[in-house]
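Below are two complexes that have subunit A in common, paired first with subunit B and then with subunit C.
Here is the complex of A and B:
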């Protein structure tokens, strides 16, 4: 009985923060239904016009691009991170483990802007990648990597990899290697052991990593802003353009509401799919 | 226990002393970086003349505007340094005090474009104009008119700001023999420019990066950034098209509810002093607003530095702040929806 007051006392800060956050969200919601008055900081009366405007091509494509980029980033991050996380957990060489930890974690200590600027130097027309490919005679004219979806995804993958590696390494470290040994003793090849035993056993980590990176990427701002150069727009960039450049806060609020609702929708769909996958891999049987 | 009480009393005395100190300071709201240093030129002279210290609070154009709106009659700052058309939003929302122009001793010496109405006054000006890399564009390439941005040489090599499309929209309306108010007449021309635009920049920093690394060898650029790059050795030419360059004006206004109204008036008056104007213009490489300002020959010869009425008349496109602030959101929405995808 005595634990209950303590439980609520510990919960109180979270409740206060959640209440403030909900209040802010409610304010954004009410702004999204208000009329924009050019040349004024005040907003007008109730209107549906902001939501009607969303079906214009640029906003529709910004929403589609946001999901497409988030999915691609999550997928490539997973593919790139899994071998690193696997090596990190399974290597018996301490120096290699230390090296991998440094390589995986160090990027977390540099900010998003710094890392994005570094990618701008690499991806530019006269950047390192193009210069290298030209000097090796692989290409004659520079590849266009900046201001493209590919460029944005490349930078976001690098940005997301440390988090994915941490999540996957945790999942891989919890795998009981006896299962893998048993499979190998029964004649399974190393590849078959990996695909049929290790990967299914690490599925919770894979799913968690995929969802975390997807949710994280959906709200990406600085990377698409700088690498996309206004040619690739995600929802956050549109919110910035309409709110902070055009001072159209009602429409910026509308786009924010759309972003929030679609992110929750996407995460619910992913959760349903992941539950099906987890059941399919018989982890809960 | 006694020591604790002494420490608490000392801490209380220290904290309660700080507001009294800030009461004696004039607080100026300004952008960060170089812009703050430019404002400090005025502040230094102000302190010299009045003995009052100046404190600067910095931020972006819009977050300062939002803070002023939230603080309203209890402003964080006494004076605000902003762009004149944003200043219009301050005054339109009742966030600026009416200026007492009789106390602005330099007011009669100003170019007419410095007069931004009853609530703010222009301190310096800059232009947005086409700039190009002489080493990356074909030999003999020039921009005598805004229409040259539509030439085949510029295709896929142009950048411009995403936060303010007014310059290219005003240019297109002029090229379509129209006025900025009837800007829609320039839409067909603007749409033809889409293939020429390689990227949009979001800040002074990205503007300079795009130009410096050659990604976009032609840019609609802030003159101050162009001079800075030229100073760094980037081979660039800034052109004033025959239709004129679009002028931006840095302006000062007094926050409504300030308790230091007289000091704020004096700060603005000092900003318009010819000697202070000269220092500001040398520092930012911008045009003065006081006709009596002595501008060095090196600065005066730069394109976009206006030192005569004739130059203002023939080379500058200046829009009324009310028009600018009302049309900019409409331009911005159209530009985002039609030009940026």
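Here is the complex of A and C:
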């Protein structure tokens, strides 16, 4: 075939970058089975001890907390993003569409640190939320939002919404509005049209969004690190602590493997569940 | 009228959600003009001293330069690689295509700190830690899925018949690629490159692992500052970044059409 040289010219760099990534992951796997030598960056021989250590309550709870925070965040993100995505796709007003897309997408590109810092200003004991609520006389003593799971989730939801909005807006924009009109003509109330037609037709987007945000949140680091302040530990924070405070690279590698397996495991489970949901809600023609 | 209360309720909800999404940005901007070292709401006065400190602070200057160098190389490399991957996936059928696609989109699922840690270990092995090279490689891997998606979407709008026509007229595959396909993909390429550059400039979790004190990028330098000081310097630098990003988004939306790049155009 004539196109062969071009084909290999495209294939070779793609394989090289994929291989580099796999090598990096293989390094982690390799380290996770090595013995930790305190006070040294060199590692010892093969051992299972790192994986046995996961059983300790502090690490075990970090894993549970990671899943819990990811689930809560995905749920809130979904519920709060749907209306915005709906408005973004369906509004006829140009200025509003521009406003919505800029406001919804920009936070995605300001970065983890800027956003986390902003939430530290909002959530602190003397932060804006507490100051505002106190001056309005709604509360007398400051709410504790920093260093709590709630605070971490509040910040993570805002962080996750742009991605969810993009995925939901894509799904909503593919809904043929004729179905909605037909349902309305047949006497369905707007609420009923929404719940019985629009939502089921966008179910693939809803599921994709939920899965992506779950995986995304499980890998959050700066937000739990700064807003959790050591009181809320996710797997990411444990990896950093053991890796850089204790210089225990082997165990940090082990927790990274746990994070990796959790992320892909959660993905597989949700894919399995989603296939069932999609079958249940698909409109059969 | 029945529709009115529904519409009112809906738009109230939308406004509340928009406030939630944009409030952090406004608070940062407000805090950045705070005159004292201790933040107060509302600010007692107005001062630009933190902006002056932010742009003259040596750590931030070096980190900003590092970030630009890394982002320039990483986004350009990712653009070339992303175009190659997108073309491969869209135009060729070969064994292992699914596997290659899966590996290259895995960085979306693999936690960033895991990727960063992996490259730290790999860098130690190859003795390239403390260099820009390891940061650039890590960033290329991390932004590649986004670039590939942006290019893939724009490639779908290129009719393969145009390439066949060029081939029939005697163009070599490379020539038809460079003269027909690439020009038609330009909006996608521009969008993908921009996205890659911004993601690289703002990447934090993986960068924390692969940067050294000499090569640290801006988000890492900001993180180190937040851990040591509480004054509003970070607010000033964050405000600058937020304003810059918003302006870039407005310009990108105007020229490239964000809805098209993100594939949320209604039918």
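Miscellaneous remarks
The criterion applied here is as follows: the second predicted complex is superposed on the first by the 272 of 285 C-alpha atoms of A that agree within 3 Å, B and C clash if a C-alpha of one lies under 4 Å from a C-alpha of the other, contacts with A are read in each partner's own complex, and residues count from 1 in each chain.
Here, a residue touches a chain if its C-beta (ideal position, glycine included) is under 8 Å from a C-beta of that chain, and two chains touch if they have at least 3 such contacts.
Keep in mind that what you see is a predicted model, and the values were worked out from it rather than measured.
Bringing the complexes onto one copy of subunit A puts subunit B in a clash with subunit C. Once chain A of one complex is fitted onto chain A of the other, the partner contacts of A:132 are limited to subunit C, with no touch recorded for subunit B. Shared-chain residue A:242: touches subunit B; no touch with subunit C.
More residues of subunit A lie in contact with C than with the other chain of the pair subunit B and subunit C.
Contacts of A:230 after superposition on the shared chain: subunit B is touched, whereas subunit C is not. Of the two partner chains, subunit C is the only one that A:24 touches; subunit B does not reach it. Of the two partner chains placed by superposition, A:274 touches none, neither subunit B nor subunit C.
Once chain A of one complex is fitted onto chain A of the other, the partner contacts of A:142 are absent, as it touches neither subunit B nor subunit C. In the superposed model, A:109 lies in contact with subunit C only, and not with subunit B.
Comparing the two complexes, residues 120-121, 126-127, 226 of subunit A contact subunit B in one case and subunit C in the other.
Residue ranges on subunit A touching subunit C, taken from their complex, read 2-3, 5-7, 9-11, 13-15, 17-18, 20-25, 27-28, 31, 80, 83-84, 87-90, 97-98, 100-107, 109-115, 117-122, 126-128, 131-132, 158, 161, 166, 169-170, 173-174, 176, 190, 212, 215, 218-219, 221-222, 226, 235-236, 239-240, 243, 249, 252-253, 256, 259-260, 263-264, 267. Put simply, subunit A touches subunit B in their complex at residues 36, 38-42, 56-59, 61, 120-121, 124-127, 146-147, 225-226, 229-231, 233, 238, 241-242, 244-248, 251. Every residue of subunit C that touches subunit A in the complex is listed here, in rising order: 3, 6, 10, 13-14, 17-18, 20-25, 27-28, 31, 39-41, 80-81, 84-85, 87-88, 92, 94, 100, 103-104, 106-115, 117-119, 121-122, 125, 137-138, 140-141, 144, 172-174, 177, 195, 198-199, 201-205, 208-209, 219, 222-223, 226, 234-235, 238, 241-242, 245-246, 248-250, 253, 258-259, 262-267. If you check the complex, the residues on subunit B that touch subunit A are 62, 65, 69, 88-89, 92-93, 159, 162-164, 198-202, 206, 209-210, 213-215, 322, 325-330, 332-333, 336-338, 340-341.
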